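Note that subunit A is present in both complexes that follow, paired respectively with subunit B and with subunit C.
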Partner chain A sequence: MGHQLTRAIIDGVLTGGVYALMAVGLTLIFGVLDIINIAQGILVVLAAYLSYLLSVHLHLDLFVGLLVTTPVMFGLGVLIQVLFMRRLRGRERTSMSLLASYAVMIIIEGILYLSFGPDYVTLNAWYVNQSLHILGFYLPWIYLFGFALAVIMVAVLYVLLYRTKFGRSLRATMQNRTAARLIGIDINRVAAIAFGIGVGVTSVGGVAFGATNAFNPNSGYDLISRLLAIIILGGMGSIGGALAAAIMMGTVESVVDIWSPTWSVVVFYLALVLVLTFRPQGLFGQREARAQ
Partner chain B sequence: MISGADRAEGAGRRRAWVRGLARVAPGPSAAAVLLLAGLVFPLVITNETATQIAVVTLLYVAAATAWNLFSGFTGYISLGHAVFFGTGAYTVGIAAQDWHVTGDLEFALLPLAALAAGVVAVPFGLIALRVRRHTFVVVTIAIFFIFQLMAYNLRFTGGSVGIPAPFLTWAPETYNNPFYYLAFALAAGAALLSWLIYHSRFGLQLRAIRDDEDRARGLGVRAMRVKLTAFVISGMITGLVGGLWFFFIAQVLPQYGFDPIFDLTVALMAFLGGFGTLWGPILGALVLEPIQQVMTLRLSNTYASELIWGTLFLLVILFLARGVLPIAGEKITARRARRARRAEGEGPPPGTAPAGPVEAGSAAGPGSASAGGA
Partner chain C sequence: MRPHRVRFLSIAAVVATAAIVLAACSSGGSSTTSAGSKKPIMIGVSVSLTGDFSADGQAFQRGYNLWASDVNSSGGLLGRQVKLVYLDDKSDPTQGSTNVQQLISSDHVDLLFGPFSSLITGPTASVAARYGYAMIEGAGGAPAVFNTPSNKAKHNVFDVSYPIVDQYDPLTTWIKSMPAAQRPKTAAYPIVDNPFTIPPEQRAQQQLEGTGVKTVYSKVLPAELPNANSVADQVAATKADAVLLGTVDVPTVAAFLKAFQQQHYNPKILAATAGPDQGAAFLKAVGTANATGVMTANGWYGGYDNPQSKKMVQEYIAKYGGSPSDINSDVAEGYGVGQVTAQAVKATSGTDQAKIISYLHSGVTLSSVQGPVKFDSLGMNTKPVVFVFQWQNGNYAQVLPVGAPGSGQVLFPKPNWGG
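Let's look at the complex of A and B:
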């Protein structure tokens, strides 16, 4: 029992780490642009399909393929921001961005269905099927690699946000758009790059998700519901909160999974509802912040 | 959502009244024509495909009106109304199954759909309505997914197989007609209710919350109670729509009972027609749902129609988010003002041009006094 529980917790932390990366992308976009990108889930699936294409047709290793998919996803993110999100103005911008990105999600889903059909596929590589045997636990390599990469990416993001000039202008934009513009920050450029980064990290999420789950174009819904739950639980716009909430979700899910696989997801959502009842702003969120 | 210039205006309150009246101005006559057209429609057009499209369209008129009654009036955009739709559908389905209700008797179960949806709406609203604006939207999405998951996983919902409806032994050529009139009654009832609420004290409180919730609260509006009431009413109508839809389609599957596209579609309809107006959701549903239906019937490829639907949606949000009716009203008012200026032969009088950036999604923006305004 104890062994099983430890195993479940390790699994949970590992999967949570990957979700954390995708959720950080989402919460970064929200923090900088006041935009909630519902398309994040389907973009992860799109990235997974890109990796799939690269590995099947060009026999590129999944992680090497990231060198291609990450810039592609970054560019796509910039494109979505410039073409669609930038047009949204006014007080209800955030709510409108939800609707607009929802539409983007449906469009991408339609394109994926048209090009790949509804059949499930998985990503394959040696590390998907083999495990590391350590201290009596079998840990699939892909989880370890995915987690490690997620940690590296989050660390890179941290350095970018807190140690570079761009990061400073980005955080300035998060705190106060008007003031940031007044001191000469090119808001549009910062916004486009932030959206690009937020979407760019889905490439790693796509590899980790695609290698550990069978996916089809419909998988975006499952992903986005989890990601939304994570950023609400962590507090919208809080990067640390997203990390904590993602690890929590992973752990709760895999621990409950020992008893009942069907209910494991629901328990996390119920926990979310419970938290919201007492702390509507989430664990690390600020109440009604950013009233601009 | 009233812009600053508007609020500062001395005669602001008076103009708001005129605007309110103007919005109803096409009311009585247009409503009478629509009612009449709606009543004779199945007598004139007997094509089964056409009546089938008409039934679904009317269901969406009711659903979009119900959505607008809460979201449009209060400004709280709900993307979780499919919860009520699904709850309604599953409630009558499970009741019919467990109590062995067969044939026409099934329609007696419809009030249960509204009741169940209302019961669900109370805790849903109590949790979700504690947060505002976009956080509210995200919370409604999350709660929606909980319900979809439960529909898949609970034993009494039949899992991914869903629930079949009782079999109706009606003649195929007139099969759609009873559904048509039920859906018509539902749509007309929802529109009437939303008209009544719009012009009541309650409706005024709802719109006060939309414009400035804190100020409304300061003026003595019991915000939570008012919002929750509208949420429950809206949910009950949506539940009824779900129940009727279930009987019409004759089965419910988790992915169609709790369908994220439903949430989006009703919102899109209201936004296209005019968010928060009385006619907006009706117009939006009457325009969009037939397109959607014909597209699904014509295009054998459902994915292509999904792609087109998504593109249409995006275009509406980006370019027509304030709604066709308010934009058209503005254009007409602007033209009249220009003509009046030219007639007077003066320079532009102050205050005719809307000051400040035009807000997206603002249904009560300056000059939204529509056709019958001036």
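Let's look at the complex of A and C:
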């Protein structure tokens, strides 16, 4: 049982890393712009398809391909912000963002269906199916790389947001748009870049997702509910919280899987409800995160 | 002269009016008859064009379209063209029921074709039963589809494919026939919660336990399996000699295969209820090398030695390309639905639902690309032959029952992962 439990915890932590890669962009966009980007799931899938194209047609390694996909996704994020999100103002901005991003999701899904059809594909590289054998456990390289990238990405985004001038202007824009404008911050530009970064980092999540799952244009639906659960548990807007919550989700589910896979998702959502009962702002709530 | 003129005009007016009315009546009558004979037969189809079952649903759509194209190019049904009216159920049973309701009460379709999967067929068939419509389908073979109160009352479900309960029988029979030394000692049954997967898995488990094959893992997994690698790792840890996956789609099978490979675990026998039957779509997701040795049960494959099937395969390849092995079995199931419906419409000389239901229950044996079709009182096909297929280096080969026409050699034990 000890070996089984250890394996489940390892599985959960590593899987959590992959989910964190996908959730980080979502929480970043909410944290900075107060926008709930329902399209995050389909953006992950889109990023996975871009990696697939580069891998199949140009034989680019999945991680090398990020040099191409990340700027493309960043540009797409800026475009989405300018075309769909910029016009959302006032108190209804957050709720209206749900509708706007839903529209984005439907459009992207339709384009993907037209381009790739409904068949499932997956990303391949030597590290996708190979494992590191250590202490009696096989640890898949793709999950190890995914986890390492998640930690690195959280650290980089933390530094960007809280330790740079650009990050300060981002947060200033969020806290008081008028004041930010008065001190010379171009808030439209800042918002577009923030959204772009949020979507740009999704490219990494896309590689991790596409290499660990077979996917088709519909796969975004299954993702978005879990990503939302992660950022709510972690604290909406908290980058580190997303990583912690993703690990918690993965671990709880993997451990419960030992006894009953049917209950694993239920137990996670029960844990989510319990946490929110005592900490409505999530594990690393928004206010605390922004105050850093 | 005036009164004469008035009378003349009056008579002329009456004659003219009568002529117009007569002409109108006769023209109306002839127009009704003429339009009636030319009016297309509307067939309502609620199927999963998006959502989790979209790959299967769109393959079904190809089968339906191919059949309709064949029928229309040969003069239609009873001299009328057929027109398919599609609604997307988004892989959701509730949406499927709503769609069928709309197709019947709003679109007034003449006939219905079934959706994909037992999960959606059951509830949609109940809606159809309420309106007295036959639900002729090709992917609702689970007991839960036939044993509904509505079907027991109205007997409106007709599954042209095989009943899924005993789909693993050729596999378990083959395992039983092995010399004891070669026979798998242990088996694992990870079963995704779905009416399609549970009955055959439970039956296979019971049969293999009866042969002395010890069960080392048997759990029902949630229908939406978000973390398949964790479950797959547990199955891998059992080192079971045989794994019989109860799956409904490609991504779940792909997740298990990937995790097994990562865990350096290669069972001697690896089978799945569905997923490997999706032809090129399966190979695309798991890779040709990794697919080799994986088995599944089905009633049809691209190389099936049946004249109607061969014709359909040729037409499919001409239209969509690829090879016979690439063709999803859903295509044949959809095409078969059309064929059986056409035979019922021709035999009853119309689209009267009561007559069609009565005809299909009359004990008549019909033909389809999947072979003969004969329905029992609940609409199960009593005639199908179930085969077990195995992917062998990109070829979808019939391997069981042993000795059946077309059955080749089973790759046993399953070759190691290809990379």
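Convention: the second predicted complex is superposed on the first by the 274 of 292 C-alpha atoms of A that agree within 3 Å, B and C clash if a C-alpha of one lies under 4 Å from a C-alpha of the other, contacts with A are read in each partner's own complex, and residues count from 1 in each chain.
Throughout what follows, a residue touches a chain if its C-beta (ideal position, glycine included) is under 8 Å from a C-beta of that chain, and two chains touch if they have at least 3 such contacts.
The shown structure was predicted, so the numbers you read here are calculated from the model rather than taken from an experiment.
Once subunit A is used to superpose the two complexes, subunit B occupies space that clashes with subunit C.
By the touch criterion defined above, A:104 lies against subunit B but remains apart from subunit C after alignment on the C-alpha atoms of chain A.
In the overlay built on the shared chain, the residue A:250 is in contact with subunit C alone; subunit B does not reach it.
By the document's definition of touching, of the two partners only subunit B reaches A:277; subunit C does not. Legend: residue contacts after superposition of the two complexes on their common chain; A:221 is shown touching both subunit B and subunit C.
After overlaying the two complexes on the shared chain, residue contacts for A:96 are found with subunit B alone; subunit C is out of touch.
In the superposed model, A:162 lies in contact with neither subunit B nor subunit C. In the overlay built on the shared chain, the residue A:269 is in contact with subunit B alone; subunit C does not reach it. Residues common to the contacts of subunit A with subunit B and with subunit C across the two structures: 109, 113, 221, 262, 265.
Interface residues of subunit A, counted against subunit B in their complex, comprise 34, 36, 38, 84, 87-100, 102-107, 109-111, 113-114, 221, 225, 228-229, 231-232, 236, 262-263, 265-266, 269-270, 272-273, 276-277, 280-281, 288. For subunit C in complex with subunit A, the residues that touch the partner chain are 50-52, 54-55, 57-58, 193, 219-222, 224-227, 229-231, 233-234, 237, 250-251, 254-255, 258-259, 261-264, 280-281, 284-287, 290, 417, 419. In the complex of the two chains, the subunit B residues touching subunit A come out as 1, 75, 77, 79, 127, 130-135, 137-139, 141-143, 145-146, 149-150, 153, 260-261, 264, 267-268, 271, 301, 303-304, 306-311, 313-314, 317-318, 321, 357-362.
Subunit A meets subunit C in the complex at residues 3-4, 7-8, 11-12, 15, 109, 113, 117-122, 124, 128-131, 133, 138, 140, 212-216, 218-219, 221-222, 226, 250, 253-254, 257-258, 260-262, 264-265.
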